[in-house]
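First chain written, first letter: the chains are A, B, C and D, and each begins at residue 1.
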Amino acid sequence: MYTLEDIAAHANPKDCWILIKGTVYDVTKFLPQHPGGAEVILSYAGADATGAYESFHPSSLLETPPPGFKSLGPLSPSDLPISRNLELEVKRPPKPPLHTIINTFDFETIAERTVAPKTWAFYSSAATDLLSMKLNKEAFDQVLFRPRVMRNVKSVYTRTKILGFDTGVPFFIAPTAMQGMINLDGEKAVAEGAGEENVIHIISTNSSHPIADVVSSGKGPEQQTHFLQLYVNTDRPKTSQLLADAKACGLRAVFVTVDAHISGKREADERLKVDIPVKSAVSGAISHNDRKGGGMGRLMGLYIDRTLNWEDIPWIKSVAGGLPIVLKGIQTAADAKLAVEYGVQGIVLSNHGGRNLDTSPPALFTLLEIHKIYPEVFNALEVYIDGGIRRGTDIFKALCLGATAVGIGRPYLYALNYGAEGVAHLTQILKDELETTMRMCGVTDLSGVHPGLVNTRKIDALVEDGIEHSYVKWRPRSKI
Amino acid sequence: MYTLEDIAAHANPKDCWILIKGTVYDVTKFLPQHPGGAEVILSYAGADATGAYESFHPSSLLETPPPGFKSLGPLSPSDLPISRNLELEVKRPPKPPLHTIINTFDFETIAERTVAPKTWAFYSSAATDLLSMKLNKEAFDQVLFRPRVMRNVKSVYTRTKILGFDTGVPFFIAPTAMQGMINLDGEKAVAEGAGEENVIHIISTNSSHPIADVVSSGKGPEQQTHFLQLYVNTDRPKTSQLLADAKACGLRAVFVTVDAHISGKREADERLKVDIPVKSAVSGAISHNDRKGGGMGRLMGLYIDRTLNWEDIPWIKSVAGGLPIVLKGIQTAADAKLAVEYGVQGIVLSNHGGRNLDTSPPALFTLLEIHKIYPEVFNALEVYIDGGIRRGTDIFKALCLGATAVGIGRPYLYALNYGAEGVAHLTQILKDELETTMRMCGVTDLSGVHPGLVNTRKIDALVEDGIEHSYVKWRPRSKI
Amino acid sequence: MYTLEDIAAHANPKDCWILIKGTVYDVTKFLPQHPGGAEVILSYAGADATGAYESFHPSSLLETPPPGFKSLGPLSPSDLPISRNLELEVKRPPKPPLHTIINTFDFETIAERTVAPKTWAFYSSAATDLLSMKLNKEAFDQVLFRPRVMRNVKSVYTRTKILGFDTGVPFFIAPTAMQGMINLDGEKAVAEGAGEENVIHIISTNSSHPIADVVSSGKGPEQQTHFLQLYVNTDRPKTSQLLADAKACGLRAVFVTVDAHISGKREADERLKVDIPVKSAVSGAISHNDRKGGGMGRLMGLYIDRTLNWEDIPWIKSVAGGLPIVLKGIQTAADAKLAVEYGVQGIVLSNHGGRNLDTSPPALFTLLEIHKIYPEVFNALEVYIDGGIRRGTDIFKALCLGATAVGIGRPYLYALNYGAEGVAHLTQILKDELETTMRMCGVTDLSGVHPGLVNTRKIDALVEDGIEHSYVKWRPRSKI
Amino acid sequence: MYTLEDIAAHANPKDCWILIKGTVYDVTKFLPQHPGGAEVILSYAGADATGAYESFHPSSLLETPPPGFKSLGPLSPSDLPISRNLELEVKRPPKPPLHTIINTFDFETIAERTVAPKTWAFYSSAATDLLSMKLNKEAFDQVLFRPRVMRNVKSVYTRTKILGFDTGVPFFIAPTAMQGMINLDGEKAVAEGAGEENVIHIISTNSSHPIADVVSSGKGPEQQTHFLQLYVNTDRPKTSQLLADAKACGLRAVFVTVDAHISGKREADERLKVDIPVKSAVSGAISHNDRKGGGMGRLMGLYIDRTLNWEDIPWIKSVAGGLPIVLKGIQTAADAKLAVEYGVQGIVLSNHGGRNLDTSPPALFTLLEIHKIYPEVFNALEVYIDGGIRRGTDIFKALCLGATAVGIGRPYLYALNYGAEGVAHLTQILKDELETTMRMCGVTDLSGVHPGLVNTRKIDALVEDGIEHSYVKWRPRSKI
């Protein structure tokens, strides 16, 4: 039996012991073989790695440790550490049964109370004063319906197509990073839940799990559609390889994020330390606290290529192997027009859930701005929107105003707190709300939506109708 | 003397005992005769049915039990259950004296504190985020008066006509379901109170009491006007029969609800279990919890025909026996126009008190929309509005803007907490407030109202002025 | 020495004892001589009348009791009642020193904490949901300044003329009823404080004190200007007499209230009982609780002639003895125009402090409405406004927009809590704030105000620009 | 050893003892030599002057007391007073470490909790109801971005020029009075911190420290740019001298405050007593409570010349020795135009942080007003704005709308709570936020800003578009 002091004496690359779930391992020889890189293990050299280990590996893995992963024996009971993570788990209240959850806000409230503080901070935070995050929701609340009555609405259908792929519902699971933080199965559980209800899942470049594992957790690439969200790496060959892998795994489209060359200032996230470094199994990005604090979004985004610009589109196409390209993060009609000119297949109007630039416009404003300035965009590609969509009514409003489909982000993270079952349950809730809205508006299938069913008067006056500011003229500043 | 265990041993259709107010009954032979159906009783087989019993029967009924309803003797005192309902009653604070109530909000506050939680949830709840419910009230608050002074206002008169029938006031008691939940006399007490003050009462298809009983509780069909609210049954002959019965009982008009083919998602109502199944004496609808929760509105509405559409209007007329037809739940100028074209006598602009589709428009918006788009509608039929009307000032504003009369819903439910006297008291309060408003605006009888007495500027810009959206064009989605 | 039981045995008009400050009096013979009427005393027959007595009489009066007011001797000490009023006095916190009060809100906060609950309810209450009261203040807050800088503002002057009479400031003390409720000296203290600072005082028809006493408490009719507020009595000769008396006392103008043919529904006031009947020394109105509650405004207004209309203006002129006539309570441009046509000298745009009809327009809206519709009104008579004016900035805004002067109501009531000194202190505060505003805007005397100094954009769109509603047409209802 | 009574016996100009940090001094002969004037010392005659002493002198000064400052010996330990100031210090919570502060609001929150109440009141207070202060912030929050994506934003640069002088950032440290109140080093620490990050510092006429000391605390006049804020003294030669001194010290421009001929009514400041008189080392202004209360702003501003007007501009130029002149406090397009006509080099659009006239316009409104009415102003001089700028996003919005640079006031005061290091840290935070905003909007250097990057729709309608009010006409009042 070993003591904590014994272990601490072996804390360098040449002699590295770690503690996992009360057992001491000598991992010196395993270091060069670790798929996540040696440095991740070394940050726990001579210490307890249980929490970090469990975040990234199935619990069964240590039953037959890999070569070079040598079990030395148990820790002395009197020295047995209670892992910090475990403590948190103990203090957190139990989750109410899934069937008592009836809307997205229930999932959110429960997540706030039951997940680890750092996870909550990473998922829930938004840029600086949270104004855009609030506007996202308010914009939908301010659109009223003009419901048509006395229609036969006995049967209603929510199925549609996204980029030509069938989907049971006109919404998709927006890409979010590091889903393993709220549930060890992370993206795999999402894929499983999404498959049950036929909703398309967009896998993040910062996925906790490898793409192949995610895809195989659902119904498989033939029976279920997945897309890839892409952050372009400063090391471009890595991106080429990622796209090749994704295509090989059966992913059907690439959503290139264009609004996150740099991470937003998410203060709640910055203030909380990253206590356990986490690493993406896809991008390889690792989070460690730095002098600016613990902002996960910032730390995970350091590899993203800040030079990415319109002229890179042909290169992206060339390495995407023919997959449709969608630009995620368009915020002006002008850029929507450019997207058309550069020949992509779709755009996601998004302010990144209010996480990147505070007072950036709600996607609904951008949607209306395109109608005012370049309505022809809608004929040239598919337009999706995300941010602040929490109800079936919100989804229906977006469709009436020309969106092909909408993305749902944070709510699926909070649903993942309940695993695959939570993901499926959330999908059912939203589908149910959407069907109710359709019936109430006299619409039986999605070909029936149209702008006459909504009243956007309250926000119309807030939307620009030209590329330039209406009366403030541009007096160029001199270059210095 | 019996024990609870004794009773529990007789819990099937062939051998069914129940407990009511401490006495054990063998009701096996009564089951097929129960007007509400055997299943209602069977849900209490072998158990205490006191609460459910009292919700639907006069307390005198058991003095001479019906045939097949056999008294076996008392429960053992040591086993005497304290019914859950009784407990609630005990815990609830006493109601303040009626004369201390001076406005609708007092009735509401007292109801919240004193009625059973499920009843409060059913009556007070509204769709999802309650936005429409709040908008309903706010819309009225945002209309200002333009009061004319220096008029002789010594005497003022509030009497008018609705569909040609005399009424003491320009408002009616909007139809609401299951009034027996707040007061055992339910609709009967409403009829009695309405008769005292000459206000028209619209009886719901989901009335707790039979129409004949309701009508006879007031001044009788010759002295007092009642209308019928109609939900069309998927079993159409039942609707034909209901209309025939209603006409025979002396009801004078039919208000067909057109905005509730499906029930709204009223989350407060869904979350609370239906602990005592209740049943409408008119529609026969019964509420039981199902897998989606305890939403009374949803459960009571399962029989409603979701295929009902404009082409059914001639059939409705044919079975209504010449009674005037009013469509309740119109929410757009376009549908108001259709109502004219289909030849009905009136429309109720309503979003169902915000209970059906959240962010559906306040009726006041729809009223103004009709003025902007199809003002000729006002010449073709009578227009009523409901939702959020809580003050005499609100009533007066609606009349100035062209409404023939307005409906008052929830406030009368809350007034019914005080029985017929409460209903009469609320009517006096509203009439009093209306008279004060008339005097303050220099108007002595209702022929004096006109739009120049109100300023609707704050909401004008929010009302659409065309059938279609002003700048978002309709790009049809393909059918899938 | 007497006991409370002894006194209670003498409780009828033929044998009437009362208790005042611990001394028992036999007032049987005094009853017919009481200037306030026998019934006021009889309501305390056999009981303690201390509180009521002190509300209406100088404390020195009983040193030499009037004839027929017979002192019988002291109450038994063991029986000495602690008068309810006294108790309240004891529980109320002490008032902070006057010099620590630096704005109108301080006076209001202190009044709320220190005056009798019924007095607070009567003064502070407003109609039903208090919307107009709040709008009054908000309307001023939403007007912005456009301050001009770099002007010589070393010396500034606030003096001006109202109806041709000199005043030190462009605001007057608006008429408010029963000022004796907050301070026994009531209107007399107001007159004294007003005289010190040369501000004009409008005496209410429901003044606690006789007009002559009020006038003589200041600098006298030659040195100080008072106006009369008039409620026309259903007993018209009483009004003629009142006007004759007022003129004889030296009052200089008559402000006829035209928006209070009936009292508003002030719920806070209705809910609190009138525990001590109070009586106006001018109108003779007395308040007693009735079946509708204790609303002082309503109870004091029962004598007001509800038939009063434009055709009565010539009669008013005829009995006003040549005094200028001002109509108080105009709320539309249309009525402002009529006021011009009927030849009065001024109008007060007012919604009665939000006390009469809820959602009636803030006076600032009416002021702007007149500019939009009948700007010529400003050339034909003087226009004053009141309601929600709490700051020197508010006063300045009103003047910039064409008001000759503004009325300050409740703040003076709350200042009166400190007697004449409080009245003078409030005047100094407002004058000081006004001077600061003038300097900040680059204006040195009131001839320098103009609309270019304010920005009313936030409320402009809310003001009607025609007599009729802009798009809702009048479809006359038939007379019934 | 002395007792407190001993000291108290020497409390007049002829015999003056004071106590400083437990030592008794006879300062009678020192009185006439005190640079701050004898009266400041005399206000502590016979008493403990420790707090006041420490507010204005380096702690080392008493190691070698000046001539006439005679140490008598220690106070009796049993009598040792705990200075009030020290007590406050003890009660105040400790400041969190500087590196945990991540935005301006953190600095503000910490200042509120940790600085002396009077200091907080003086710095944080604003005019009367604080409406303008709130509007200042809200105006920025209501401007949305129109971010352009897919630009190469790897490198971004924030450097620019103000009045031709290089600066690392497009914001400057706005002048604020008496910075020594929050940190004994006051302006000197600001200069030091500003030098580190190359941000221009504007020194107030009411600086706690002499200009020469301030300048020498930074990198010196050749390496670092300082400007002077000027209040013109009623004693004009003092102003001439001040300008000559400032120029000699190397100050590069003069910002003449034109909106503070009189101080605003800052009620939080008025209510708190000035417990320790403070004196500006530049203007010589001293604060003492007067009958109106303890308003520091008011007390420090008594020397300011209220006659200052446009015709004084030539004189200011004549005594400014060729330094550029900027007018600070312009609030209308009309005055901006006059500034151009009078030939100054710049204007600061400002409502003095909402401290002077409540409901005066946010500078952002004035900026837009100039665009609407006199856009040519932008070609004739430099336009700066201040008030409510708390984020890098706010700075960027102002630049897009034509501001050359912006002023940051209170945040630097609160940062000074941490000395020079706090000042540098705040600058880094704002620069960082600005860089993030630039990247998010696709802008790499400040020549790239333009109005098309912002959406000001929410406030456009609130901005006047003419010198006069749009529909209220000016009816001149007669002069009295």
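Everything below uses one rule, namely that a contact is a pair of C-beta atoms (placed from the backbone, for glycine too) under 8 Å apart; a residue touches a chain by one contact, two chains touch by 3 or more.
A quick map from chain label to UniProt name: A, B, C, D = L-lactate dehydrogenase (cytochrome).
Note that this is a predicted model, so its numbers are computed, not measured.
> Based on mean C-alpha positions, I'd like to know which chain lies farthest from chain D.
B
> For the two copies chain D and chain C, is the contact made of the same residues on each side, with over half of the numbers shared, or of different residues?
Result for this pair: different.
> Quick one: report the Å distance separating chain B from chain D, using the average Cα coordinate of each chain.
The mean C-alpha positions of chain B and chain D differ by 63 Å.
> Using the average of all C-alpha atoms in each chain as its centre, how far is it in Å between chain B and chain C?
That gives a centre separation of 45 Å.
> Counting only residues that touch at least 2 other chains, which ones in chain A make the list?
461
> Which chain pairs here would you call touching?
Final set of chain pairs in contact is A-B, A-D, B-C, C-D.
> Quick one: in the complex, what on chain A touches chain B?
On the chain A side, the touching residues are 99-100, 102-103, 141, 143-154, 157, 159-161, 368, 371-372, 375, 378-379, 391, 393, 399, 401-402, 433, 436-437, 439-441, 445-447, 449-452, 454-458, 460-461.
> Taking the complex as given, what residues does chain B use to touch chain A?
Listed in rising order, the residues of chain B that touch chain A are 128-129, 131, 258-259, 261-262, 264-265, 267, 270-271, 291, 293, 306-310, 312, 327, 329-332, 334-335, 338, 356-361, 365, 461-464, 467-480.
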